[in-house]
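You will see two complexes here that share chain A, one where it goes with chain B and one where it goes with chain C.
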Partner chain A sequence: MSNIAGKAYAMNVITPIPWYKVWLNRLIFWAALKIPNVLNGLLTLSLIHYARWVIIPRDKFPRLDPSQPKEDLNYSYMLFFSNFNGSWDQYVDSFTFAIPSGLDLFWKMNVKYPKSVPLTPFHNYIQHNQIDTAHYYNAYPMAASNDVKSAKNVKKALIDFNAASSNKSPDEFLEDYNKLLNQLQNDFGEMRPTPIVSLAAQAVKERVMEEQRQSH
Partner chain B sequence: MANTSGKATALTVLSPIVNQIIDGKSCADITRERCYRLPIHEKSPLAKVPNTYLARLFVLDNVYYESLTASDSIFNFSEITSIFSDSARLKALPRKDQLKSKYLVFSTNFHGDLDEYLTGMWEKWSYDDNGQQRGVQHIWEHCVAFDGVKDSSSFISYMKRCQLDATLFFNGSTDDSLQEQLKSLYLKQEFSKFAAANQGKSAADLQQAFKVFIEKVQPENLDQPSWVPGQSTP
Partner chain C sequence: MTQNLDLTDIQGNIVKAYGSSGFFKARYLFLRVDDGDKGRDFVGAITSKVTSANEKLKGDDALTVTTNMAFTYAGLQALELPTASLVGFPSDFVMGMSKRKDILGDDGPSDPKYWDKIWQEKVHIWISINGKTSDVVEERYQWILQQIKATGGVTLLRGHCGEDGNGNAVDDLPYQDASVLYEKDGVTPTAKEHFGYTDGIGDPVFDGQTNNAARVIGRGKLTRSGDWVPLATGEFILGHVDEAMEYPQTAPRPDLLSNNGTYMVYRKLHENVGTFNKFLDEQSKDYPGGKELLAAKFSGRWRDNGAPLVHTPDNESKAEWDKKFAAADDATQKRMLTDFTYNEDISGAKCPFSAHTRRINPRGSLEYGVKDAFHTPGALVDRRRILRRGLPYGKVKDETSDKGNHGIIFMALNADIKRQFEFVQQQWINYANDFKQGNDKEVLLGNHSSKDPGKVVLQVEPGSGKPPHFVNNIPRLVETRGGDYFFIPSIGALKLIAGGLVDPT
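And now, the complex of A and B:
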């Protein structure tokens, strides 16, 4: 089990929603897409790489063959997947403090959803409904989401600077170079393997040890 | 349906696992163990699947019963009547659901077109499992109807039959291809080191060092030098 891949944490949450309220939840998500203010709240949480909500109507779990028993469910289900940086607590709390009303809107129709404030019932709700990841892959384990965004700035600035200033006189070059460094102050920073900051740390450690044992 | 956000695509796949026991182990447990044993980071088979940003696998054994005490309703009729009757009190509890199949869940975020991505999964997914090379079939082997998958086009059809649409997909990253992102990260790393190492140099020496640096990092060459997918050490 590993919910961690470098600096990213994989969260999976599955929660029941009364089937007759699914249309209302879809309407809320549709509105969220159309009303930018709702998603702007998520954008302020710059620790998120990607997140998604998937609603499975109770009769729409994939059934691929008549030999597979047909599901007979009372509820439809909402799956939530997120890829974020930092610890579980940091993430869940940042949701609560940054977008409590938006969060409540997304989960409002779900059975026994306690609301995102106060924190403890919300923590209990997420923990109760969370599923651990068996294999988690991250294309850049050393980088946080903000590193990916700042790296884009660095690349563009470096290419532009090289084209504009590399062949100037040394003094002019130095002046432009200092301007470049000032411009990129918030984007610099070396990236290294993460200090692991969540409960799954031991699982990751054990798996790496097992991998090393197998390679000897 | 919101499976795309910018150029990023969210693929969610729930593949039912055959409800059978093989050598004393359920097919779900066999599948789960295979997922656990996949090598990580740059050795993960997903590192070979082009344009995979972040992806995960797990087995959904069942759904949870909501035994929590909270209620979000302002007025809940059954909870009012339950004050007066035991049977009404019990009926006010949430219903209990049990899944009849276990599902292999694959959730991935990638850049580009779905068919191209799935073709890449079929063709490129490989990893070393105690000396044996394994393809993507090894993970999905015990899923219902997967025995009909023989090539990339049947793999694409299969995955699409298991696909669930995202209701909302949030892209908090850049919209660039993985190759572009990895090159940018490489440049950020190397230029940060360069800036720190060359502080206080004379203008002429700095300019010379910068030229050598640019020749080394080749900012516009996406192929190399760069980070490899899943790179876990500097």
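And now, the complex of A and C:
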């Protein structure tokens, strides 16, 4: 079990919200998507792969099978689901420092939400309502979201460059090549395994690898 | 200024860097506590001479020598602090620096197994002596030796690498000496380190530290209106409100033990001067701006006078800046060194994303030009600042060689080692996702590997059609040779510890 895979951390937080306030929260989500710049802060936090908020009405809580009895719930729930780079602390810290009012807006209808500043009550709230990740697969464990964006930029630019410049004279080719490098100058970062997210997670990983080595 | 700090209670090294007040010589001692009772007597004896932040450092009746004291977690255990207090310390401090090596990137030649021998010992107490001359440092050192003899219960640990009186390399010195570097005349002190860079210009400023608003420019936190204001005191001193509007959560109980104290990271950093000079010469052969501009691109400041690259991105603008700087008064000079942000250079064309100063303090530029993206421009920066209190050590005898004992005694003070020092070291020096540069490490301090040397990109003006400059084959320029994490108590707390009176109930 781990919330960590490669450079990514998976966070699931599920918080109760009074059913009669759900419409207000939906209105807030709707407005956030409609009004320009509201999500600028979130989008600028480049450590985030994605963040999603979903409201689960109290009579729509998923069941694994129709035979599973329906629960009689007092609350509706808000599921917050995110993958990001770095540790839990780094992520929650960045969130509260960068976009405290945005967080307060999205969670303000939720039961016992303490506001995002000061930090410790917010930390405790997230931790109390977080559900650990039982299974987590990461296809590109060395990639942060910025690496994926850069790789896509490089790929597209190279294909375009090849189509436009491959038959040019050496001088023109060089000029185009230099332009290409200029265009991609912030997409050349190395992609390597470090940094480790936590010493505890690292120790678990090393034990598992050691066991695998011994069983071969 | 809104804070009135109890300067008589706060140790002097927290509020001021002694080096900039004319204390050019320092000696660091490390001791083991063998007996709790006698050890506490020793702490009490030293406490009588511990320098508070209220002492006068400049002027006629000023001090000529200072003494400060701090403890490792093992040290506080050995001095028999109650368990209910000990459990309140944060796990990074409890573990100590060598066990954090995978976070800090202390691998290869920086691995703790190669550190000075003293770090194999049980280090419990750190005592620093800073003096205006070597003589007063020696005098205070002799006084401390007398206290060790008088109380017993503690052992001064040997095992620092350095030189004996005859200039021979030894590995069992009982102390670590440090000193500012001097001009070639051997008399004029400088703020330089062994690679030739000017050090310690942009140290942060916190609330209560200074009444001089001009000192806050470029050193506090950047507000939305573009002004600089002091950082919250709690970022650097326990028992005060921090940038998250709460008291630091790293404080052990009782408050009397933690208030007005802080945490210190002590690191002995060896500088590979020969490798650096060779690397700079080789790389500058095909760098269009020449050797000194390239050296500035590594650091973010020019080596000769610390001019910030953001305002002096090429040789022409540097010449202009130098003229203005030479004609300016002291206050204007200080302002010219610190009054800038990287928002003036979002593309990195002037000061690249790999430059040391940009990495350790991005100066409110992590919004990448997105208007009002965050609550404040410095939202991702203000909780990652550290006070640097250190001095160079040793002398470079052969500028073509890495051998010898010379480098920097780096001391960083912060309220939360993990959130501040370790974050900067791991995420910003040895990694660059926040700068959108993948795993490219900072040039000077990064833990580059000889098997797999690093590279960085020196950005150029976007849309100019010019290619960026690639710096390849970056070797390990700085190696860790020792260190640990320490708790610097207030003077009141020192007295409680000495008296065996710490009681968290």
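General remarks:
What we mean here is this: the second predicted complex is superposed on the first by the 171 of 216 C-alpha atoms of A that agree within 3 Å, B and C clash if a C-alpha of one lies under 4 Å from a C-alpha of the other, contacts with A are read in each partner's own complex, and residues count from 1 in each chain.
Just so we're on the same page, a residue touches a chain if its C-beta (ideal position, glycine included) is under 8 Å from a C-beta of that chain, and two chains touch if they have at least 3 such contacts.
Quick caveat: nothing in here was measured; it's all calculated off a predicted structure.
Looking at the shared chain after the overlay, A:Asn85 reaches chain C, while chain B stays out of its contact range. In the superposition on chain A, contact is made by A:Asp147 with both chain B and chain C. After overlaying the two complexes on the shared chain, residue contacts for A:Pro118 are found with chain C alone; chain B is out of touch.
Within the superposed three-chain model, A:Ala32 lies in touch with chain B and out of touch with chain C [touch as defined at top]. Comparing chain B with chain C, more residues of chain A are touched by B.
In the superposition on chain A, A:Gly41 makes contact with chain C only, not with chain B.
When the shared chain is aligned, chain B and chain C each come close enough to touch A:Phe188.
Judged by the touch definition given at the top, the superposed model places A:Ser101 against chain C, while chain B stays out of reach.
Across the superposed pair, chain B and chain C both touch chain A at residues 43, 46, 147, 150, 177, 181, 188-192. Across the complex, chain B is touched by residues 1-2, 5-6, 8, 10, 12, 14-16, 25-26, 29, 32-33, 39, 42-43, 45-46, 48-56, 60-65, 67-75, 77-79, 81, 83, 106, 108, 111-115, 121, 124-125, 128-129, 131-143, 145, 147-152, 154-155, 158-159, 162, 166, 170-171, 173-174, 177, 181, 184, 187-193, 207-208, 211, 214 of chain A. Across the interface of their complex, chain C is touched by residues 37, 40-41, 43-44, 46-47, 85-86, 89-90, 93-94, 96-101, 117-120, 144, 146-147, 150, 175, 177-179, 181-183, 185-186, 188-192, 194-196, 199, 202 of chain A. Residues of chain C touching chain A in their complex: 100, 102-103, 105, 243-246, 249, 348, 353, 367-368, 370-375, 379-380, 382-383, 418-419, 423, 426-427, 430-434, 436-440, 454-455, 457, 459-460, 462-468, 470. Residues 2, 8, 10, 12, 14-16, 19, 32, 35-36, 38-41, 44, 46-47, 52-60, 63-64, 66-72, 94-97, 99-101, 103, 105, 107, 109, 130, 144-145, 161-162, 164-174, 176, 178, 181-185, 187-189, 191-193, 195, 202-204, 206-207, 210-211, 214, 219-220, 227, 229-234 of chain B are the ones touching chain A in the complex.
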